[in-house]
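Chain nomenclature is as follows: A, B, C and D, assigned in order of appearance, with residue numbering initiated at 1 for each chain independently.
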Amino acid sequence: MKLEEKIVENLKYAYVPYSHVQVSACAIDENGKEYYGVNCENPAYPSGLCAERSALFSAPVQGATVGTFKEIHVTSNMTEIIYPCAGCLQVISTFLKPDGLVYLYKKDLSEKRVYKVTDLLPHMVRDEDIKKF
Amino acid sequence: MKLEEKIVENLKYAYVPYSHVQVSACAIDENGKEYYGVNCENPAYPSGLCAERSALFSAPVQGATVGTFKEIHVTSNMTEIIYPCAGCLQVISTFLKPDGLVYLYKKDLSEKRVYKVTDLLPHMVRDEDIKKF
Amino acid sequence: MKLEEKIVENLKYAYVPYSHVQVSACAIDENGKEYYGVNCENPAYPSGLCAERSALFSAPVQGATVGTFKEIHVTSNMTEIIYPCAGCLQVISTFLKPDGLVYLYKKDLSEKRVYKVTDLLPHMVRDEDIKKF
Amino acid sequence: MKLEEKIVENLKYAYVPYSHVQVSACAIDENGKEYYGVNCENPAYPSGLCAERSALFSAPVQGATVGTFKEIHVTSNMTEIIYPCAGCLQVISTFLKPDGLVYLYKKDLSEKRVYKVTDLLPHMVRDEDIKKF
């Protein structure tokens, strides 16, 4: 199964008793290894986590290196293509290289959009900004 | 005292025992009312909050209307101008109008940069995207 | 107006287009100064903030000292008394003294419960645990 | 390798350029399947994620059922046993059954403590509280 078909299939695993908005993502590190995630809500709404971050935060324990990811792919059960929230963009910009790519799909795969991370977040707060302090 | 002098003065109130990066912000609603905030860290790092969000989340209880803010002003004790993290941009994009303005200052006020919210976050997830679902 | 009447009145300021659960809080520092907050949701659910944290994070910029608070009071528009989520307890345990008190009210003020922070969170992660590392 | 040896070994994967506090966790669902995670910090501190949540949020996309988990195991590189922050307890209380168990280890495995979730968080906000609203 192709990656984009896999993330569509994974939508059913989203835990969304409140919004019913299912989101599914796959992040890819520099070695081409894939990390999947879905969104997971919480009765205390701020304690839930989006699909993009669920995918990314699952990677370090598998040996992936933060800052070297090359792609993340996202789809949802909404009619229109959904963009990553900025909360996720903060983490995406930490895991991906600045020229990393964000692929967004309609769930019927009839439309795909591709952005560089810097297209979605032109001014990033990155480790090198804070570490030098 | 002018607003930009006030946010510089407020830097001393930041609670930053871990990063020592002090950030101070002032959000302004459609009526010109000002809401101040500083960053506040937590021993469990993800439980801290940035200055921009501390300012914004203090506003609703004072009667401010989410979605109608026109400006947010930010400074820090770092040498270079600091941009709002994307976690804050998500909340800024909810509180401010799409053409709202983000003012960033060096702490000696020798430099100021101004952006529209859409400059910093070209593709937003907004209430109208999710409410219609 | 008494504090508990004030937090009930503030419920109307909660920004809750998704859950419709209104929560209102008031934190009190060692000097008896009061800091109010309501919950504020976000289309990206994890980017919202609870009432307790909105109240607490509004305090440092007003000169309050983290770690010295003596009380927090909370009510909601739900039928039963609502407990602070644990995400809030992390921040409450940082702002309040260990023997600080958490007051919970029904919105008609027909019932009140009082707990020590340590009743609600017996094993805390506090600054002194992490700073010594 | 035993589970507790595995989480100690995983400590090296924690991404902690700021605190240098490495934490590693393993959550176990009702079928005995194991989900691992480490903490991962971010230059915008509130955008990082703890080990416990990294482990838990990696589970739904693998087919795990939220609310049915029976155990979570945690260790760190600190001298003393570290307790889950309350931000994690909110998510642990959503994923685990109320009588689920939290195992905490020193990294040399010389000491182990076991708690029920309700020992660590006596008053929980759970899905059934909010869904009925």
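One rule holds in what follows: a contact is a pair of C-beta atoms (placed from the backbone, for glycine too) under 8 Å apart; a residue touches a chain by one contact, two chains touch by 3 or more.
Since the model is a prediction, treat every value here as computed from it, not as a measurement.
J.: Once you count every C-beta pair in contact for both, which comes out on top, A-C or B-C?
T.: Counting C-beta pairs in contact for A-C and B-C gives the edge to B-C.
J.: Return the distance between the CA-based centres of chain A and chain B, expressed in whole Å.
T.: Centre-to-centre distance between chain A and chain B: 24 Å.
J.: Between chain B and chain C, what distance separates the C-alpha centroids? Give it in angstrom.
T.: 22
J.: Can you work out the whole-Å distance between the CA centroids of chain A and chain C?
T.: Once rounded, the distance between the two centres reads 32 Å.
J.: Mind pulling the chain B residues that touch 2 or more other chains?
T.: In chain B, 18-19, 43-44, 47, 49, 85-88, 90, 125, 129-130 touch at least two other chains.
J.: Counting only chain pairs that touch, give me the topology of the graph as line, ring, star, complete or other.
T.: complete
J.: Within their complex, state which residues of chain C touch chain A.
T.: 18-19, 41, 43-50, 85-88
J.: Which residues of chain B touch chain C in their complex?
T.: Its residues touching chain C are 10, 13-15, 17-18, 24, 36-38, 40, 42-44, 47, 49, 53-55, 57-58, 60-63, 66, 87, 90-91, 94, 125-127, 129-131.
J.: Mind listing the chain B positions that touch chain A in their complex?
T.: Its residues touching chain A are 19-21, 78, 80, 82-90, 93, 115, 119-125, 129-130, 133.
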